[in-house]
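Heads up, the next two complexes both have subunit A, just with different partners, subunit B and then subunit C.
Let's turn to the complex of A and B:
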């Protein structure tokens, strides 16, 4: 395949030297996988160079790559997709991703979401609404989801930002002591401040000018996309036997969140 | 600077507490009086002598620290909207500040101010929240009930303040319900398992790197070892032969007088040469090329065995013994036998002579 490409490039070299120089530069970039926006002529050329079957195959590879990467729920970076899968098809990046996204939506019921437009980081979220009364999956629940829910709901109910001590104190009441090893979660502090942060469920930020050092929690970008504030509020209301509307401010935020996502 | 900040913080505090008491306005006027005092006290002329009294300053600092400690320790209590403890603390700080004249105390005042402002902000946020307030502790209690906490049963290792029994599937239960709030994509798994998600290439690279040097090492090792062994053996053999030559020439010079073993072996200039000589001479004895016997004074003497005397069957008369020598015994021997010169010349000496 790459030979075909090179032959094609060699052929064009004689006629259009300027374009060929660009192509050579691009090939040097392959190593560090930096992605540069291809020119429309490059895209055009790439479309001509690869057969539809080849491109289909690339799309399938990208889909599989993202599905496997998502197993650990660590956001997927564009540089990784380009470096490991797309490689010399780089000029067709936009085409391939658009088609991969369509496959996620139509075949898997998932949605590929770019959570960071600057660094191009993607996550997968579920597009399908759970059927009321039906279990979401046959697998036993991952207990970490519960832990995460507690933290996210405390942050949300406290107005979006919460000092770490509030979280640790709440967890302690739930028999989860940060200082001790928990039988289900292991090193709780590590799970919360490293795993959840890496997965972009939480942000763990230093509060400036604090002595001793203090940190605060916020919702991470994945949480913003993946977690429904309204559903959190409903569940919190259910727990308190209170109407979600009784938390006026939170209710307002949850409704605006729902409408902006639709 | 600290002055203006204090005003600001008081302002916000008053807002939050205005409906509960009327202290705010009064305290502000007091405050103004305080600052007036201060201006008189610490005029442009500088620090008065009475202001620099170390005992007094120490007392002020200690009071500040106590106050800061009590604020830190009773944080939750002070946040409670039902009381005015924060105001009380600020009143007290104002009283203390009236006597503050120097930067070190003022710094403590500023530290307390930071704490108080922080508490004030949090208190204000409680009031600001429209509708119901949210209390994480109450939330935790509700969650525990949801998770199936049995408050009647005692936890085996009962921790302070926590009673009741939490079933082992508590977090599972919460997770199952919480999942409804998440639009998490179900993660994808192969039915029959899969290879590790990590790509194998890096592992291969490591193997290749390991293989390459090991092959080379295998090729190198035997030649290197052979050489070392050969040269070592050769050196020993040569040395043994050289010593035999020495012994024979001394014997030939004067076959009648016995050669003292110690005089023969000891090199007065070098302990290590002495040990080497003993080592090499032992080969002569082992191979039956020399013999050791005791003279009339029971001192060991050495003599070469003449070719005709070699008796292959005379093994039965052979004895073994271990000779030990230390630098101190070596020195004693040199003194006792008055050894001035080595009987076995060193290799260097030989080459010089040659």
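Let's turn to the complex of A and C:
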């Protein structure tokens, strides 16, 4: 293979990854400054300015940008989409996002949901739940899903809000001790109070006027959109060998949730 | 737009995306599972058509599901390829700049090598000369482990090779960057990194090891399929004969 000598290496070092670079930059703190509602004449002008092919390309870039962010379950801010991808097409923001949303739904089985209407923050939620008997897992390499599911169950069964000690004690019974480094999860407290919170699966709130400081957990917005309360109830029912119906209040909430969730 | 996707297609795509790469056996099982889960019509020999529907819908996003072969055992795999990117963008959200540079350098070493492999010593040495940010030895080892875990590199006894996922997803990038350094296999016509080369200096064709094994199987003296000279390499025996190389042409079947 001696003919394989350096030929085309020039430039290989400094090729800049296009979308990605910006993705790494993550959240910069300039609020929502890079987006202002365009007037209808601006929109009209932009529609005339760009060819359909150019707009198609932008839509594809937005889809890819959001998919990359979603791999880490990081909520996506409108500012970042505009600043890093949409750029000079920003008068067409609404058009482009509408089309991206349709693609997520029709091609990927995902849905773009705005979880913060004031700061315009989105998450992608999965419309297809993992089902038993998968030949290969839909969310592989993530043992933390089980941990999360247990915590969500505890919160739900205790009426929606629990003090953090309740969660830690439950985990301890399952041999997951927050005080110790866990083999699979590492720093459990960090995973639960930081990672899950950042991913919007959990809310971790300070209880006012407590000394020493106390916190409580609630379901985060991603959990509300993505996790079926009925599934949680069925899971708990199986653990206790009881019918889900035997928890009347939870059952009522789960059934009403099923109809409004999707 | 093309035929719309059902939930079975979407589930298949999502599972493929979150796994990065799946073998053809997994793909078959997954095809069945997805169809059954969503009550879609299932027929075992329709996997390619099933994937075609997904690909037609992915096309406007410059993505498609591509089939490729493992250079080690000849097993076929599927991975999601991004045709708009000509760089290692695919990895960029997961790695820091100096980690990406280390990956590029490792790739350089592998592509430049005779046998499509780089020793850990060589890789560790080049980590000293990273321009973005130098890495300590320990740190380099951790990053290399991560590359292996994320299925971008393979490692066997301190020797690194490009993974099947890497070759499927980055073929376009490699062709652009390395141009003439990248050769294709004489048998299956896909990019050949770990391969044997005809010793005849005027010939120099390359073949993947599994392709060599299949091509010379049952022949008494191995001759180069291009120049008819003696094939001066050890003929590997591929133990895993789960599938044949893709698009083996008539020539190879002789």
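As a working rule, the second predicted complex is superposed on the first by the 216 of 262 C-alpha atoms of A that agree within 3 Å, B and C clash if a C-alpha of one lies under 4 Å from a C-alpha of the other, contacts with A are read in each partner's own complex, and residues count from 1 in each chain.
FYI, a residue touches a chain if its C-beta (ideal position, glycine included) is under 8 Å from a C-beta of that chain, and two chains touch if they have at least 3 such contacts.
As the structure is a computational prediction, the values presented were derived from the model and not from experiment.
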**Asked** Between subunit B (first) and subunit C (second), which, if any, makes contact with A:68: first, second, both or neither?
**Response** both
**Request:** With the two complexes superposed on chain A, say which partner A:160 touches: subunit B (first), subunit C (second), both, or neither.
**Result:** neither
**Asked** Does subunit B (first) or subunit C (second) touch A:103, or do both, or does neither?
**Response** second
**Touching partner for A:126 - first (subunit B), second (subunit C), both, neither** = both
**Message:** Under the stated touch criterion, which partner chain does A:60 make contact with: subunit B (first), subunit C (second), both, or neither?
**Reply:** second
**Request:** Figure out whether A:186 sits in contact with subunit B (first) or subunit C (second), or with both, or with neither.
**Result:** neither
**Asked** So which positions on subunit A get touched by both subunit B and subunit C?
**Response** 67-69, 71-72, 108, 110, 126-127, 135-137, 140
**Request:** Spell out the part of subunit C that touches subunit A in their complex, as residue ranges.
**Result:** 4-5, 7, 10-11, 13-15, 17-19, 22, 26, 29-30, 32-33, 37, 54, 57-58, 60-63, 82, 84-89, 92-94, 96-97, 100-101, 104, 108, 111-116, 131, 176-181, 183, 197, 204, 206
**Asked** Tell me, which parts of subunit A touch subunit C in their complex?
**Response** 1-9, 12-13, 15-21, 23-24, 56, 59-60, 63-64, 67-69, 71-72, 103, 106-110, 126-128, 131, 133-140
**Complex contact set, residues of subunit A against subunit B** = 67-73, 84, 108, 110, 124-127, 130, 135-137, 140-150, 153-154, 157-159, 166, 169-170, 173-175, 184, 225-228, 231-232, 235-236, 239-240, 242, 245-251
**Request:** Over in the complex, which subunit B residues touch subunit A? Could you list them?
**Result:** 125, 129-132, 134, 136-147, 159, 162, 166, 171-189, 197, 199
